[in-house]
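Got a structure for you, written out below as structure tokens; questions coming shortly.
Think of it as A, B, C, D, E and F in the order they're written, each chain with its own count starting at 1.
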Amino acid sequence: MRLATPGYLRIGQSNSLVATYGGGEANVAVSLANFGNQVGFVTLLPNNEIAEAAIRELKGMGVDTNAILRGGERMGIYFLETGAVSRPSKVIYDRAYSAFSEVRSGMFDWDAIFEDVEWFHWTGITPAISKGAAEACLEAIKIANKKGITVSTDLNYRNSLWRYGQTAQEVMPEMVSACDVILGNEEDATMALGIAPEGIDFHSGKISPTAYLSVSQQLMRKFPRCKLVITTLRGSVNANHNSWTGVLYDGKQLFEAPTYQITNIVDRVGGGDSFMGGLIYGLLSYKTDLQCALNFAVAASCLKHTIYGDYNRVSVDEVEKLMKGDASGRVVR
Amino acid sequence: MRLATPGYLRIGQSNSLVATYGGGEANVAVSLANFGNQVGFVTLLPNNEIAEAAIRELKGMGVDTNAILRGGERMGIYFLETGAVSRPSKVIYDRAYSAFSEVRSGMFDWDAIFEDVEWFHWTGITPAISKGAAEACLEAIKIANKKGITVSTDLNYRNSLWRYGQTAQEVMPEMVSACDVILGNEEDATMALGIAPEGIDFHSGKISPTAYLSVSQQLMRKFPRCKLVITTLRGSVNANHNSWTGVLYDGKQLFEAPTYQITNIVDRVGGGDSFMGGLIYGLLSYKTDLQCALNFAVAASCLKHTIYGDYNRVSVDEVEKLMKGDASGRVVR
Amino acid sequence: MRLATPGYLRIGQSNSLVATYGGGEANVAVSLANFGNQVGFVTLLPNNEIAEAAIRELKGMGVDTNAILRGGERMGIYFLETGAVSRPSKVIYDRAYSAFSEVRSGMFDWDAIFEDVEWFHWTGITPAISKGAAEACLEAIKIANKKGITVSTDLNYRNSLWRYGQTAQEVMPEMVSACDVILGNEEDATMALGIAPEGIDFHSGKISPTAYLSVSQQLMRKFPRCKLVITTLRGSVNANHNSWTGVLYDGKQLFEAPTYQITNIVDRVGGGDSFMGGLIYGLLSYKTDLQCALNFAVAASCLKHTIYGDYNRVSVDEVEKLMKGDASGRVVR
Amino acid sequence: MRLATPGYLRIGQSNSLVATYGGGEANVAVSLANFGNQVGFVTLLPNNEIAEAAIRELKGMGVDTNAILRGGERMGIYFLETGAVSRPSKVIYDRAYSAFSEVRSGMFDWDAIFEDVEWFHWTGITPAISKGAAEACLEAIKIANKKGITVSTDLNYRNSLWRYGQTAQEVMPEMVSACDVILGNEEDATMALGIAPEGIDFHSGKISPTAYLSVSQQLMRKFPRCKLVITTLRGSVNANHNSWTGVLYDGKQLFEAPTYQITNIVDRVGGGDSFMGGLIYGLLSYKTDLQCALNFAVAASCLKHTIYGDYNRVSVDEVEKLMKGDASGRVVR
Amino acid sequence: MRLATPGYLRIGQSNSLVATYGGGEANVAVSLANFGNQVGFVTLLPNNEIAEAAIRELKGMGVDTNAILRGGERMGIYFLETGAVSRPSKVIYDRAYSAFSEVRSGMFDWDAIFEDVEWFHWTGITPAISKGAAEACLEAIKIANKKGITVSTDLNYRNSLWRYGQTAQEVMPEMVSACDVILGNEEDATMALGIAPEGIDFHSGKISPTAYLSVSQQLMRKFPRCKLVITTLRGSVNANHNSWTGVLYDGKQLFEAPTYQITNIVDRVGGGDSFMGGLIYGLLSYKTDLQCALNFAVAASCLKHTIYGDYNRVSVDEVEKLMKGDASGRVVR
Amino acid sequence: MRLATPGYLRIGQSNSLVATYGGGEANVAVSLANFGNQVGFVTLLPNNEIAEAAIRELKGMGVDTNAILRGGERMGIYFLETGAVSRPSKVIYDRAYSAFSEVRSGMFDWDAIFEDVEWFHWTGITPAISKGAAEACLEAIKIANKKGITVSTDLNYRNSLWRYGQTAQEVMPEMVSACDVILGNEEDATMALGIAPEGIDFHSGKISPTAYLSVSQQLMRKFPRCKLVITTLRGSVNANHNSWTGVLYDGKQLFEAPTYQITNIVDRVGGGDSFMGGLIYGLLSYKTDLQCALNFAVAASCLKHTIYGDYNRVSVDEVEKLMKGDASGRVVR
């Protein structure tokens, strides 16, 4: 549950908060459902009306919620204050002791959940929450590997979340090594795995796609199961204006996508998740056309920045229109 | 009646809709009333409180509503979702079977309505709605011609509205041929009349004013009664940022206006209508100074993009301040 | 009390008004309190709940309100309509006969108020309100001078406020001559004191810092007590986009600060006050490092433009982060 | 202009205020316009957008605003906090120095204003505002008398408004003595004219209609021109629940109306004005059927208590439906 | 789609409308889904985002939407103004030419839809919309009869909807004669079928349950297939306060339920539908305990009056708590 | 922090939540500050902006916040859904692992905090939160006893909060035995201490004051230090309508207060706390006039039910006006 102040108000300036639902994996699931894929979401949510509302929204979006278990004390919350120009957005996590942090291995019936499943996606948020969550996730990854299900991860490093005594660099490598597809943003590989690009200042507002060739190659060497390494590249001009693109490395070639100037961001939270959703859709739909899959992912997540809330509420048609180059924003009647 | 989601929310994201009133011709009428012209509005509206509210607003704005007839089943609605950056705004028309579509020739007492009237303006929306509306409009145009009233039209082509079995290119020419002043946007002449500029890509974000000399000349040749052809030129950089200008051709010379960069659009719906309102005011007030009339129209409609709702709520003073070059936006205290 | 229409709505477009509190000196006081300084605010407010609410907010912010007297008929109001692009913001003052205009010399016990006080700040709004307010302010300045308290002023010229029969140029010089620190914006010295820069067009959107060396020197010559002259420099590209910087002259050297491009202004009212708050903090904290004090003031007030309402709700940490060059607006988690 | 906190929030609890327009005489004018009467409104309003919005609303309602003069400094404001159960509503007047208080005799061209006018209504608010307003009102009354126009007054005593040095009991009698119809609530005659009912405690929640026979008789004796004395009778059970009725005395007989239990008041401000509007309509429409006129006034103002804002937005049909006894509130489809 | 003014505002008083979804049959479906029943909803909705949002909400509630066809021009709308005390709520239907009115027999694959279905419910709204809708509904009823599915109807007479040339009394009898369970309110049997209770004034605020014994007996005689006749009984004290109960007749006995005083109605639209939802749940769950089924229906729909929107968002636990007599409204922590 | 749905919406029906601050002891502190008492509040709050906002509000209200420590992970939250008629309000606690639950004995410098303090108040919420909080509270009570500070408690039993392994009946008696003044509602003594009135059904809506004589006597016998036992008596007619009164026993006599019918509750959360605030004020101000102190407490808390949020925003004047019998709710101008 995300609680955001309206407009650009600071926390404490408004007694009205906008509640929406979201979270790394849920955001990917909603993207895929919107694109017409069949998708389910696995988590543990408490037995209260707040959780009911979150589940109701996922169901409405077409996400299968049958595998969601109920229990635990509370639902994780984060407070969001939206920045402007040189004032950054601010996230205050209130996820401690969430139901999800009580997840343990053995809790989910992965055999049933993975029946007829083609793809399993997890993000670096999950092992950051608690030791139990990390173990349950590793358990799922291993079973998915056995069943021949494609496994993807978004490294999604959040420094402030790793608080149960282990570091990302201790926990993540074993989990990542079982993945077929690895996504990270321009900082993730460095922070989560210690693999850094050279000569990049994340706060300079400029990003060099080619600097990520070396990062991708190092990742592939370290995690030989991995077939695709994808990096989202955000150039932060200021809080309202980012550039946005991504690169994909398949072990042979670095595919680059067009760079979008997102000059009037509506909501950038969930940008990476919408990229992942677009990428999975692209890889499943365009098959071997990796350039096309990458372009779809970048265009889909570019559109996400124009949509309020964590979820990317766009259709395949809308993404493809942008992919084909129409960024004019002319009214559709 | 326009029902818009607040902010940049998509339809379905908000259970609160902002209701405002507007529509091509009403918008022109309100512009003129705000500029101090005496103006009346002719239409057919149903006998319910929704229509009452629309009429009340027009009356408050100073538009004479005495010629509005009451009847028919419903009031036309359109739903609006405001786009951002590369996500276009979206209009869902719900105008089918509106009271206005039940307009028939013979319904209005044009002799009484046109008493002491100097100017009659209609737009291409009207004949698109229904055969009856097209016939009633043609009837009015002919009577206006007879009475020596200046007749202007805004071609205003809306593909999705022409659904009663005839096309714009079948219906419009006879109506346009009786007009003294013709306004269109960069696409209208092509779509409504089949007269296209050369080498223009409407989605490229760049517009060449001079390409419209040929369109204007073709229009004048086809419609010899016409004395002035005006084209609004919108360069869509993205959904938040448009360039905006216009050209006027009087049969001899192509007048060009300054181009405004509207970098943070508040609401672009009604932009063309506010141009027409400004133009009629300009032609009536600056008389033979066509450059000045054009500049007024462009400045007035530039300001419209900063105002929420279909109506252009600006005064002559405000437009003239911008015409004179002060676009600095410094606070007025 | 400020009553603003929401978003970019014009006055009369919304029946909901957003009420916030603020005003030149109060804004400076809140800035300082947020930066951790001990600060008090002196004024006269009526005996009603509106004034209670204003005082409650100041107390919550950490401003000492014990010296506020109660009496008079009403609280000053101003109505604010926020502009966009080429449509300027509009302020309608409704401050006539406010309680504050009933302030008279002898009303405040300045000896008690100035106990253990290091700095006294007043603005040009105060003497503009009424003769009594001007006299009370002069009285306070003189007592502050005697006690060796640093006195600063923000010239803050508001043409529409000077209505009790005397002009700024008649009243201000005596008051300014007793000040140690003088702040003005690019127009104030001209309007309040008749000292103009050369070759500057305030509406051109471009500002030359060096043109203010001569203004500063003239001010110092005219007011020899003054040790520092500071000028805020706003380049109005349009109502959404201003450039922002300032210069400081210490009698020897013109210090220039970096120029910020504030491309998506949230609220520019109170910008100058937040500069003054930052400057006082900077001068008290960085002592002889005038460049640093100036840079802090510019960065603090740059951030103000991203915050709704008159008050600058930022911390020293946030300002220093921006001072150090991080304007990327990347999300803080 | 009325600025109200939303719902039942106290002043200071909400930073959003709901702005509506209203005021004793304007409310009566709007009632009459809604009932289909031709009605104009005379006042002095400042030259700003706040006043424009107020005028725009009156025009929309069908009130003729041509006689409204523009000038003066500010528009009168009142702040409203809506009470509940045992907590009363609270009005904070901020009308001092309003444009209206600058009204002077000689300002209005009463001869032109009264052309073809049948009825002139004023309220006790007007002479309370300023000496000039009282004199201008008396001037109008006298001219109306000369022209044979029916003059009515609503005594409308507001203790907190009489502040210019004269009391209601000094000013009102001369004005009231020229009236044909006098309306007051259960307290007005006492407060404005010193004529009290016997044995009534206004705060007891119970009102005896017959106690007002003597008040009416005393009024008629004191003001022999008066043909009708009407008293609205409000029984305040609590802030949400009032009983409501009225009595009319024609010099011979005391007509009593049914008593309505208004158990869930939406907005009681303007209740008396809506009674007056209903009464004038009733007297003009039902002519000699005084019982019917009274019943219409009581029913109209009963409905007013269910409508937000000062204005009574009801039609003759709606009032007559209630008059005929259908208070069931069954949904109208 | 229902568009309601907020609070008790009249249409035209607010430019913000609250959009919710609902409609007779959908409301029953949502009730049943909330009670844990498996339920599907059959209709025709247009291909636009408004319809998507409606479907998304139904899916979120757990209603199976797979049988919903897409097509037609527009979605039916109704505007709602919520009444207070003696001012009734007002519904303005804008359902003409809705997609649903284009339903035709043969359009739906009833055999597939009715697979494993136990109960089919339709309401009198459906045949009122269009001839096609009436025929498709009759078609469904007949197939349901053949398959041994229980058929129920809510007579739901809406005078303003029957506009296609046939009356309810012409169309309904054939349809009703195939039903096993008939529900009506205190007026429906009279209006839809011409079977009236004796000595009842619907607007008196008082309802006598026993008067409905005769109505029920007449209905059973006229429609011998019918096994249960249920009547909801609403006593309209005023728009905020209704009494609420119901009676059930099984051919032998008239079961009466407790009467609830709903003194502070939040939203009464959908009250009858929530009764039907509760009744179907009750008949399926409590089987032969008809008293218990009736009590559940009355309690469920009593709670509906406290919930905003057409849908009844309550659980079985909440209804049973009220059924058992706890109407104290004590806070649940 | 309390997060409430607006109006009567259920959780999940609104994506906008109203955030206010409150909590048992804070509510009492604010009441006392509003009545003009000097009061401080002691707690542990996390180092984030949410907590800053809460502190800012307390400071604005005049509560001394200097003794508030900062630390811990999160701020306790509760979600509130406001009930209507037979649907109860619902509170979902999300207080687990709040900063306050990390309070330990030894953390606060009670000697400094209690300097010049006359009264110490705690509630049964505190020991329910965690073992550490219970121990710290007991520590404070003992030091207060030693210093001769009056100690009061509100038993405030919340079943769902006692979750750390000990029951209220195990923990509370030692703490209560050191109190001079004990307040409970009609259920608290039973639940927290096992001392029940006879013949009372809390859900019947009727409460017999005298039944509490025996409870009071039992409490005094069990806790001989106690000098006053006070019981608030709420009769829940339904969620909108409660009766409200209280009784006070001083070991000799049972004082009864008038009973208020609160027919249109605005917000009943914090009702008991406002009673306690009123009682402490009353005992300190009216000294030995226990009847008057009780009446003040009942009237103050009656008014609280008309005020949104946990805090009781009323003045002594307002309470005394009600105490003197004016519950008419007539508008105060």
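The criterion applied here is as follows: contacts are C-beta pairs under 8 Å (C-beta built on N, C-alpha and C of every residue); 3 or more make two chains touch, one makes a residue touch a chain.
Owing to the predicted nature of the structure, the values given are computational and were not obtained by experimental measurement.
Of all the chains, the one whose CA centre sits at the greatest distance from that of chain B is F. Centroid analysis (C-alpha atoms only) places A farthest from chain D. Of all residue numbers seen at the chain B-chain E contact, over half occur in both copies; the interface is built from largely matching residues. If you average the CA atoms of chain B and of chain F, the two centres end up 62 Å from each other.
Annotation: 45 Å between the Cα-based centres of chain C and chain D. Contact of a single residue of chain D with at least two other chains is seen at positions 10, 12, 15, 56, 90, 264. On the side of chain D, the complex with chain C involves touching residues 3, 10-12, 14-20, 48-50, 52-53, 56, 73-75, 77, 79, 81, 90, 92, 94, 96-97. Interface residues of chain A, counted against chain B in their complex, comprise 260, 262-266, 302-303, 305-309, 313-314, 318, 322, 326-333.
Those residues of chain E whose C-beta lies close enough to touch chain A in the complex are 56-62.
Looking at the complex, you find that chain D touches chain F at residues 7-10, 12-13, 83-91, 93, 158-160, 202-205, 236-241, 264, 268-269.
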